[in-house]
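Single-structure report; data block below.
Each chain carries a letter (A, B, C and D) given by its place in the written order, and its residues are counted from 1.
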Amino acid sequence: MIESIAFYMMAGVALGSALLVVTLRNTVHCALFLGLSLAGVAGVFGTLGADFLFASQILIYVGGIAVLMIFAVMLMGRTSDLTLRQVNQEWLAGLLVCAITAVGLWRAAKACLSATASGSPAASTRPLGRLMLGDYAVPFELISLVLTAALLGAIFFTRREAGGRK
Amino acid sequence: MTLTLGHYLFLGSGLFIIGIFGALTRRSVIGILMSIELIFNAANVNLAAFNRFLHPDGVTGQAFALFIMTVAAAEVVVGLALVLAIYRSRDKIYMEDINIMRG
Amino acid sequence: MELPLLSLITFIPLMGALAVLCVPKENRRVLEALSLTAAAIPFALTVWLYFAFDRSTAAMQFVERHAWISTDAVRIDYYLGVDGLSAPLVILTTLMSLIALIASLGIKERFKEYCFWFLILEVGMLGVFESLDFFLFYVFWEITLVPMYFLIGIWGGPQKEYAAIKFFLYTLAGSVFMLLGILALYFKADPHTFDMLQLMKIHGSLSFRFQVLAFLAFYFGFAIKVPAFPFHTWLPLAHVEAPTAISVILAAVLLKMGVYGIMRVNYPMLPLGFEWFLPYLVIIAVINIVYGALCAMAQNDMKKMVAYSSINHMGYCLLAIAGASATGFAGAAFQMINHGIITGALFLLVGVIYDRAHTRDIGAFGGLAAKVPVYAGLMSLSCFASLGLPGMAGFVSEFLCFLGAFPRWKIYAAISVIGIIVTAAFFLRMIEKVFLGPLNNKWADLPDMNARELLSVVPLAVLMIVLGIWPRWALDMMNTTMVGLAGLFR
Amino acid sequence: MIEYVWLVPLLPLAASLIILFVGRESDHSPMPYVGIAAIGAGLWISLRVIFDGAVGAAVLPFEKDWSWYSFAADLGGRAFIFDMRAGVLIDGAAAVMLAVVCLVSLLVQVYSLGYMHGDTRFKRYFAYISFFTASMLGLVVSNNLIVTFACWELVGVSSYLLIGFWFEQKAPPYAGKKAFITTKLGDLGFFLALLLTFTYAGTYNIVRLKEAVAMGYLPPVVLTFIGLGLLAGAAGKSAQAPLFIWLPDAMEGPTPVSALIHAAPMVAAGLYLVARVYFIYLASPAAMEAVAWVGLATAFLAGTMALVPYDIKRVLAFSTVSQLGFMMCALGVGGYTAGLFHLTTHAFFKALLFLCAGSVIHAVHTNDMRSMGGLSKRMPVTFLTMAVGSLALAGIPPFAGFFSKDLILEKVFEHSHLMFAVLVFTACLTAFYTFRMLFLTFLGDGRDHDRVAHAEESGSVMTVPLLILAALAVVSGWLFEHGHAFASFVGNGGAAEAAAEAAGHGTQAAAGHALNPMVLAVGLTAAAVLLILLAYSLYGGPDLSRAARIKERFLPVFNVLENRWGFDAFFLFLVDASDRLAVLCRWLDTEVIDRIFVDGWGLICRVFAEISHLFDALFVDQAVDGCGYVSRDVAGRGLRSLVARGQVQEYLLYLAVGVSLFAILNK
């Protein structure tokens, strides 16, 4: 029962702030709500018993990505943004498409309403660790390469520009 | 009323739809990036849920979710760097102004 | 686990080539060091191979076999191995590659690309001699073509494009026929296989007609490479236009692929076709010998002369093969090595004078011996080795070639000795015109050879003499295999 | 000592390498002494070998060999690994030859110290000489025909280097090349003989080969061909007809080299070879006969040619060729001992003559005898020694040449009277031209006063070798002849002659036909003395007009002789013909074969290309164009302006529409 309540709360937070993210005019607020939404998803992970995911979500998304977004917004922010429209002309089309998709997804998800969980969730951190350094060792290393490459790429992009301006 | 897989999938779908909507309609590039993060999260929720409900003995789904997080982090880093670069060189952050792909 | 020696030898140059790509082209020192290392390590390994080689067996050694492409329909193996026929050639290849690379250090333009293509070329050449799977063989065979095309076409002389395209198309035409032969054998074998050792065992089930046709297909491919008359005309042109080091490789290694192919494929796999072709082969050999020598005598361009002398020398190999005897095979195998060393040195030396004088016209010089004694000495030494002076490597192998062919083809062998005297004539004439007589004042301040050039030529000169005085060191490697080869159909 | 005989060739070889690579070029380089020491040691060993052999302390023939290399061979239909062994085989002839070569070489080297002094390549000269000696000695000792052939060719190369030693001039390199190629021409015969030998006998060891011949393993035809092939080789190296053309030109080299090449070592190599494999000739009468006739022709032709030249060295060269013909002829008629005997004595006095000539040339700086004359007062030692040499060459007793030539003529008489007559005639010519040379050089007036007046006797480093050789020229004939010591030492000589007779040679050697040696000796000597007097009357005085008149009367004959019977022209024609052939081949290659096999390919490809191009243009291309037209003009223009506006979000929208369709349409 508690689980259910927690789930609904967290899901509400996540969905609600997500909605705000895509509709608010002030980009700074958008970024803040993004953080909230991500935290909500973290909570949902908690209800699933995925404690490691929960932690990661907080650390990476809320602590990292969302903060990064805020920084980015502040770096590029213009005062006029607050008065300008943040939604383009095609929002109606987008809404339509989303609605159609939503119907499709609804029908798919509805079929799963009968599947319940068996037993209580086991602690997942240890098996996750084994998996990562066992069967998935190579992808694990590869993903770290991807991260490094992304980091280098980012530095490269921004630095070149900085040099160009001088 | 116990929680079922369906609940989680509804949540995932919701986040996904919102993300898609955002990606389609936001004018600023950063907004689009945020929306994409939402889509990623929708996928993660689904993965974690499938793991919990369909294969409670393993943790493969969570592992995949972890990978996605990492990729998402990389994507955000590069994305933001690109946005920053474009912003610096062209002083633009709105999508309709960036049309170098015009056929 | 045993060390995959052959794979290491073959693919270290490849790694070197890839590494070269990663070095910025301004870092010439690094490029030089890297490519030299990539050529030196395989050479060191082949020295090891030389000592580790078991001289008492005719079987394949250092065999590596792994399934490469394996489906229900086809099975292609990564299958390497060497015996007394191919091991000396592998050693020759790594040696000549290293030396040619040393000689190329003087290249100024686009050095990075040069090193890359050169190392790729080495991979291909080594692979051809090592592979025991026909598919692999063909792949390596083709790999040698492309780098050669670029090496001639970019770094060559005035007519380089024409020479490169001629070389490429001509040899490609040959290899297409070879592919035909490979496929024919593949489908005749039951079960279908590309395994060359396996294919050597099926000749009993092949009809005469089939053998003749397959023989011609293979022969066509190999004869162009040898080059056997009348498919030889690409050679002088390619040699003349190619940069020095590439001429060296072309003469020292690429031509050997043709003879090697005939000895590895045509003879053991298609004995009836081989037997049928022998009378024609011996005539072709005689033409190669006499006609090649005569053509060489009429040349004014030193490089062209050496190129035609190659045709003459490869004629000895063909003659020896036509003898179809153990001595003949040993002679052909040894002649390949010696021709590689000697003609390699000759091309290097011609390159040395061309670098200084910017001409190769024999008539343009005169009396250089007083001016450049070291160069004159080495050149004369190589010329004497090439004309088959006893005490030097060329004699032993030439003699074995004749000795192998003589019992079967007495008259033809007797005609062929004309080639010896003509060879002597044109080499001596060249020496006389270039080095002896009054000094042509135009070259009064010609510098003698520098350290790099000496480093590339002197080892070859030493080898010429050592192998001439003590041929045991080379022949012992080959003997058992040749006896086995000759005994195949007795 | 005989176990160390393999050192004899190796010592000079080592010396030559040391001289070549150690030290710098200088007049005072100590390096020549290395070579002299090496050859001195060789001489000592070979003399010890002769001594040991003579007193029975060493057993001759002595053979010792080592495994050299092995190669895959097949004999009798079986493939196996053949072990090639190389080593030394010393019989009497080899021992004598060793000593002769060592001695002449040693004296020549000592002499060269003076003669070559001041040359820019002083050191290198000695390296070449040592190398030459080494290969010559190798040829002598080898028990394996392959090694013999190898050394044979090396001798050729070193003579090439030595003849062309003064390469800054035009003529010496040309002469060197001519010598090399001409001898190489003969070597082709040697080469083919080697091929035949292995194919039929399966060995290169001379002793094994002898056994094989004795057992009759080799068919007679093959033996004849082997014999002829070896003869061709010998004719090249020993300057026999018709390959003697290189020898007069070879005089371009330094004079000590001429002594070395022409006196003993190099030109003797051919004879030595024939003697070494004498058993082959004994087994093949036809080959034997060929040897005799080649020798005869050579002796006669060269003897006549020696009558006309004014170059002092050329006279000697032709005389050498002529004497070699004598020896060859002797071998051909079964006179094994006689031939080798003449070889030995000739080595001494011909070396002497060359060195004397060198001494003269060194003093007057010209080869032309017309610029000499009257040198006897200025160079007494040279004159005396040269006179000794000339007497020996002319065959006047008691000088060495008398004994050996006498022996040869006896042998030839037994074989054929015709040959005998020709040889006697030639022997008389010898006396005439030798003294013509001597008188022209030393007697009469100095015709070129500048040169003659400044001529001075050479230093002792040059005259001492002359004196030693002169002494040998005096005594050697008598010494060897005495008690038939030479014949018994050369050993198998007697056996060989007996075998020759058994084989049907000496057909006229029936007891009654033998020539009385005394008659021959007295008659020959008288004739020689007569001709010497004739030569004196023509050339001995200050007035040469009579000689000139004779020349005018017999001008056509003189012309023929000066043109060397047209042999040179013939070989030049051969060279020219092969050059033309070569040019023809080149033309054929670039203009015909290249065209056919390359451009021909091109043409075929072009034809196919045209056909496929036609097909392509008519059908395939039209279809492609059709597709392109539809996509570009119908769809492209319309759609592009509508959708491809570069707005990424629009693209995303299209994508989303697609996705939503999937989502909604699934069941």
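Definition applied: a contact is a pair of C-beta atoms (placed from the backbone, for glycine too) under 8 Å apart; a residue touches a chain by one contact, two chains touch by 3 or more.
Source: prediction; values computed, not measured.
So, comparing each chain's Cα centre against the centre of all protein Cα atoms, which one is closest?
Centre-most chain by C-alpha means: C.
Select, from B-D and A-B, the pair of chains that is joined by more C-beta pairs in contact.
Of B-D and A-B, more C-beta pairs in contact link A-B.
Where the centres are mean C-alpha positions, what is the separation of chain B from chain D, in Å?
Here chain B and chain D have centroids separated by 94 Å.
How far is the middle of chain A from the middle of chain B, if each middle is the mean of its Cα atoms, in Å?
Roughly 6 Å, centre to centre.
Can you work out the whole-Å distance between the CA centroids of chain B and chain C?
Spacing between the chain centres: roughly 62 Å.
Just how far, in Å, is the C-alpha centre of chain C from the one of chain A?
Inter-chain centre distance comes to 65 Å.
Residues of chain B touching 2+ other chains?
20, 24-25, 95-96
In chain D, which residues are in touch with two or more of the other chains?
Residues 649, 653, 656.
Listing for chain A: what residues touch at least two other chains?
Where chain A meets two or more other chains at a single residue, that happens at 88, 90, 93-94, 97-98, 101, 105, 108.
Chain A touches which residues of chain B in the complex?
Of all residues in chain B, those touching chain A are 1-22, 24-28, 30-31, 33-35, 37-38, 41, 44-45, 48-49, 51-54, 56, 58-60, 62-63, 65-67, 69-78, 80-85, 87-89, 93, 95-96.
Considering the complex alone, what residue numbers of chain D touch chain C?
Per the stated touch rule, the residues are 68-74, 77-81, 146, 149-154, 157, 160, 164, 167-170, 172-174, 177, 180-181, 184-185, 188, 191-192, 194-196, 198-199, 578-579, 581-583, 585-586, 589-590, 593-594, 596-598, 601.
In the complex, go through chain B and note every residue touching chain D.
Touch residues, chain B against chain D: 20, 23-25, 32, 95-96, 98-103.
In the complex, go through chain C and note every residue touching chain D.
166, 169-170, 173, 229-231, 233-234, 236, 291, 294-299, 325-327, 329-331, 367, 369-370, 384, 389-391, 395-396, 399-400, 402-403, 406-407, 413-414, 417-418, 420-422, 424-425, 428-429, 432, 435-439, 470-472, 475-476, 478-480, 482-483, 486-487, 490
Quick check on the complex: what are the chain A residues that touch chain B?
Interface residues on chain A, with respect to chain B: 3-4, 7, 11, 14-15, 18-19, 21-22, 27, 30-31, 34, 37-38, 41, 44-45, 47-50, 52-53, 56-57, 60-61, 64-65, 68-69, 72-73, 75-76, 81, 85-88, 90-91, 93-95, 97-98, 101-102, 105-106, 108-119, 121-122, 124, 127-128, 131-132, 136, 139, 143, 146-147, 149-151, 153-155, 157-158, 160-161, 164-165.
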